[in-house]
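Input: a single structure, listed below in structure tokens.
The chains carry the letters A, B, C, D and E, assigned in the order they are written, with residues numbered from 1 in each.
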Amino acid sequence: METLQKIAVPLVAVVLFLAAWEALVWVNNWPNYKMASPSDLPPAFWRFRWLFLEMGWQTLWRTVLGLGLAVVVGTLIGMVMGFSRIARDGLYPLLVGFNAIPKATLVPVISLIFIGQHDFNTVLMAFLISFFPIAVSVGIGLSTLEPEYRDILRSLGASRLTIFRKIALPKTLPEFFGALKVSVTLAFIGTNLVEIVAPHGRGLGALFKSGETNGDYPLMFAVLIALAALGILLYYAVLVLERIFAGWAERPQG
Amino acid sequence: ETAMPFALDWKFEGPAAPYFVALDKGYFAAEGLSVEITEGAGSLDAIPKVATGAFPVGFADINSLMKFLDQNPGAPVVAAMMVYDKPPFAVVGRKSLGVSAPADLAGKVLGAPPPDGAWAQFPIFAAENGIDMAALTVEPVGFPVREPMLAEGKVAAVTGFSFTSSLNVKRLGVPEDDISVILMADHGVALYGNAVIVNTDFAAANPEAVTGFLRAVAKGWKDTVADPDTAIASLMSRNPAADPALETERLALSIRDNVMTDWVMANGMGNIDPARMEKAIEQTKSVYTFTNAPDAALYFNPAWLPTDGSLTMQ
Amino acid sequence: MANLIDIKGVSHAYRTKSGPLPVLDNLNIAVPEGEFAAVVGPSGCGKSTLTRLVAGLMKPDSGEVWLHGERVTSPRKTVGMAFQNPVLLEWRTIVDNVILPLEIVAPRMPQARRVERALHLLDMVGLSGFESKRPSELSGGMRQRASLCRAIVHRPDVLIMDEPFGALDNFTREDLWQTMRDLRAAEPFTCVLITHDLRESVFLGDQVFVLSGRPARTQMVLKVDLPADRKLDVLYEPRAQQMLHTLRDQIRIAQGRDGELH
Amino acid sequence: METLQKIAVPLVAVVLFLAAWEALVWVNNWPNYKMASPSDLPPAFWRFRWLFLEMGWQTLWRTVLGLGLAVVVGTLIGMVMGFSRIARDGLYPLLVGFNAIPKATLVPVISLIFIGQHDFNTVLMAFLISFFPIAVSVGIGLSTLEPEYRDILRSLGASRLTIFRKIALPKTLPEFFGALKVSVTLAFIGTNLVEIVAPHGRGLGALFKSGETNGDYPLMFAVLIALAALGILLYYAVLVLERIFAGWAERPQG
Amino acid sequence: MANLIDIKGVSHAYRTKSGPLPVLDNLNIAVPEGEFAAVVGPSGCGKSTLTRLVAGLMKPDSGEVWLHGERVTSPRKTVGMAFQNPVLLEWRTIVDNVILPLEIVAPRMPQARRVERALHLLDMVGLSGFESKRPSELSGGMRQRASLCRAIVHRPDVLIMDEPFGALDNFTREDLWQTMRDLRAAEPFTCVLITHDLRESVFLGDQVFVLSGRPARTQMVLKVDLPADRKLDVLYEPRAQQMLHTLRDQIRIAQGRDGELH
């Protein structure tokens, strides 16, 4: 029953959304170049099915790699910021400043510095764009940890790292996973930015671009939907991890 | 074998086909060159790629190069071979909205994206054709909406590249005979267009390689003119999602309007007319304030052009 | 240095927004090895603060805390602590909560042996059957009992307990007194017990320290000269009744209500 | 003393960062068109000082407006997701899918639908790109609220909204502000995306573009730094709010 | 319907991963208006669960809870509740924590009058001077006292208190007993008090309900026929001593240790 609901509800939501979209286009009688409708997409998918698989895979693995990096580095930065007030005061403005810079404008700089390293550049951008939410959430989790929790292990002479591992990290896991859900979507954006701005002919971004030059609007929308689908796929992967590691945190709503 | 990665200014579209022809037919290899062709995101992306030496050769708009060299004097980059004898800068209008010649623009609404390359030259075009800028309404439009706005009749004309905007408008359902493409180069604008640019450090060390490269490019263009379909086939193998009919048309337009001009047919491809270049610089002064004294020799160097007649297009 | 725990002239004040709040004032408490010190005093006088100082979780403004002949400046592994507010980790089951100190103190111990020890302790406090529940599935008193197990699971030399039986009914509490007594006999440790139950202090303590109201001073030390192996009946003996009476009077003084009718 | 530190530490960090950047460019002897160095920037700022002020203001007000919208709508969506398990199951995939779509590709669609509504488009994009972290953090704050907290007011028959206002929201404020810090940076990216992808000649994005067409690299870098500075400005505004409303949450690190 | 609180045949089980855990079994408790019902029982038997059912925070599996002649299906404004674990809101000062129920129940009341009432209560429980501190700056017992003030600040008709004096020393506790007695005389309310202190149940209660071990049944009801205006001395009277003795025996039975030596 509950499992059924878990599958049915998202499906119904997606179907409702597609129906609303179709209706919107239909009612306004918008041409394809303004907004393609869901019914235009299956032919586009079918025609380029192999490309979608290949490009989708390209995009996916780079995104996941970048995201993995973001988790590791973001957690480290978050730890530094959470443990040290000075680090927090000093790093936050730099990180915020860095993150306020549109990454699209950084792509050319990066591709000039690491010329031809397409894979590296793409992974790097996915990482750069997605580590911040994770760092923030880990940092906040640490700096707002109630002393009672910390003292459980502190009274045993445990190191800061141990306290982080056994108490602070598990306690902030719900927020960490929330940040991860945000980061997943950002990482996709990062990968695609490179694929679009510094084209190297691989990934869904490249497919989007070729749809654009051909004026093939259904293809463009199909790519966007494919990206959304990949994002949702990765989201469910995160969700599974969340259920395993932070399932305890969800409370009944009475 | 010398490695010569080649940085295109744009994606793998019709006008990029000749380079793939040269590659596929082994013209580069015959010159002892191993060439890898890379997509670009505009001239402004290709120029620094060559200037930093990351790519020894590239393809970019000479007007952008002029500004780049003015802002970054001494950067080791220069144009070596003119390809678009006439630049694709154009005003694309709709006859049904009353735009078929430059003079018709008066009193009309012109859609122009502020950073557009064609829009940047529009003041020259207006001055040469006696169009009163005050008499026309300029609507700043984003690139994505430029052609759709023309198709929907919200603007009477737009600035853009001839082989991009006209095809886009056609794709949006505007009948071909309703579209008027006013090439600025046909109406008093003396500017040159895209050229093969080289890194001067590389060229100084490998002058023969550069000459060989330019020779192969010329051959590629010649073959493409003779057999566009094979050329498009070469392109399609690199960009499988492209639409061959569209790219064939785009290629044909660029050959007709930009590359195989009367001057090129008469004088061969690749070189420039110094007098026209001087005029182009003069015209540029009206839209761009040079920080250093402009000099044609800084921007174009014909030294590496092959002299064995391979540039003749007859 | 015969005293395993030695609190020498400790004073402490909390820095609050409205100025410093003096909590401990020249406090002296000495506990010889293996002995049990019970500390009683009015609510808010500074008892929990005292435990934090002994555990090395805080540094006193002045005075010194010695443990095992070493000056305490930071927490140490050989201390077990039962906090007044038993915080259990919601993401761990009860048995995993109890195991936690072993993961820090004895990282090499096989998991099976850890679990075995934890289950043994949980059984002693009447929690068998609840070992794989989440903390939120336990009642208040059950959580306190689990927290007690966590404090002693790693057989600390020094045990610091802050009102560990506060949320328990009388009989469960008396059961646990006996459990503590037996534990001490089996695995000797030195103990500081904060309590507000005078009977508890007399039954378990070798000495009872009465603290005055905030800021707390050592107002009185009562030596409990009852046999080590006490039965609950001992509390009804005249000697014990006499001590309880003394303590009650002392606390009345501590609360500044000497002479009031109780 | 503490205030001094609060000002000095970020300043020192920024100075260190600029020095490292200058050194990097200097050691590698990179030309301006690869990477401009900090010492190139003051002339660029000075030359275009009026433009920077005007364009910076354009970018700022649109960003702040979009962010304000994101806070309101994000909080509402978060509330819906936090209170209802079904809404959570149904909305999350849609939101994640939507957010995994690179916003750069949405700009054309939006500007086609709302032709010429530059201000509206820009604010809309700043909003669209930045509401998600806020919705996630509010949603998680609600769905992981400990029942003991909820019961304080529930036992008085308080409505869900009251419980949200008096308990859940204040309790999640630290995470909310963390999300806001992420959203601030995203909102800037949104504004600039529109200014760059669908240029309408206003805002710092337009200034960046004009630097690009003229090959004026110091100007381009100066714009990026100006964006970073605006981001930091807004971050400090958020910080002030955080100190006022969630200062209680920060715990001493012992 | 003379009973203000009427718990009729209530049974409840928690659904846990390892199957249902029966906690209450056909429980009956009736409290006439204005009376004080004390509930005692072993730790973990289901007392806190009972308070949540009466407050309408949970619905029983079977049986009914009536309040004021209405069946309880959801919480109501006229109830005041002191939880076993006093959760204070860290982002509010103590006085603002106490005021909280007034913001819900009496939204129109001027802030000044709210504060006045809160300060009055805080003074009564010995917390004056701490009204503008944060909860984390209070000791365990002080927090419990603040939570007590929060439970009664809006003068509820029905007061449900779950071990409200558990973390307090004897004298503070006895003080608060008297405070409760005086409060009742001044502003009558009906009360359910969970406690593990038998003296407390006899001093404050009009009836004492003894619950059996989990699942809890009403094992015994003791009518406390002492004068309404009791002094602490009353506990030393033979009648009270007799009651305490009865209760002690009952609890021993509740814990299934009848016949054991205490």
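Following the convention adopted for this analysis, a contact is a pair of C-beta atoms (placed from the backbone, for glycine too) under 8 Å apart; a residue touches a chain by one contact, two chains touch by 3 or more.
Predicted model only: the values in this text are computed from it and were never measured.
*Asks:* I need the common contact partners of subunit A and subunit E, sorted by label.
*Replies:* C, D
*Asks:* If you average the CA coordinates per chain, which chain's centre is most distant from that of subunit E?
*Replies:* B
*Asks:* What chain pair has the highest count of contacting C-beta pairs?
*Replies:* Chain pair with the maximum contact count: A-D.
*Asks:* Subunit A and subunit D share one sequence, so how far apart are they rotationally when you fit their Cα atoms? Give it in degrees, rounded to a multiple of 5.
*Replies:* Resulting rotation angle: about 180 degrees.
*Asks:* Counting only Cα atoms for the centres, state how far subunit A is from subunit D in Å.
*Replies:* 16
*Asks:* Provide the C-alpha centroid distance between subunit D and subunit E, rounded to the nearest whole angstrom.
*Replies:* Those two chain centres are 49 Å apart.
*Asks:* Please compute the C-alpha centroid of subunit B, do the same for subunit C, then give the distance between them in whole Å.
*Replies:* So the centre of subunit B lies 84 Å away from the centre of subunit C.
*Asks:* Residue numbers in subunit B touching 2 or more other chains?
*Replies:* As it turns out, subunit B has residues touching two or more other chains at 48, 52, 148.
*Asks:* Hunt down the residues of subunit A that sit against at least two other chains at once, touch-wise.
*Replies:* 33-34, 112, 146-147, 154, 249, 254
*Asks:* For subunit C, jot down the residues that touch at least 2 other chains.
*Replies:* 57, 85
*Asks:* Quick check: in the complex, which residue numbers of subunit D touch subunit B?
*Replies:* Touching subunit B from subunit D are residues 31-34, 107-109, 111-112, 115-116, 118, 194, 197-201, 206, 209-210, 212-217.
*Asks:* In their complex, what parts of subunit E are in touch with subunit C?
*Replies:* 14, 16, 18, 40-44, 46-48, 84-85, 126, 132-133, 137-142, 145, 162-163, 166-174, 196-198, 232-233, 248, 251-252, 255, 257, 261-262
*Asks:* In the complex of these two chains, what residues of subunit B are touching subunit D?
*Replies:* Touch list, subunit B to subunit D: 44, 47-48, 51-52, 64, 67-72, 75, 113-115, 117, 120, 139-145, 148-149, 154, 288.
*Asks:* Could you list, by residue number, the parts of subunit D that touch subunit E in their complex?
*Replies:* Those in contact with subunit E are residues 146, 148-149, 151-158, 162, 166-167, 170-171, 173, 246, 248-249.
*Asks:* Would you pull the subunit C residues touching subunit A in the complex into a rising list?
*Replies:* 52, 55-57, 74-77, 79, 81, 83, 85, 87, 89-91, 100-101, 103-105, 134, 150, 154
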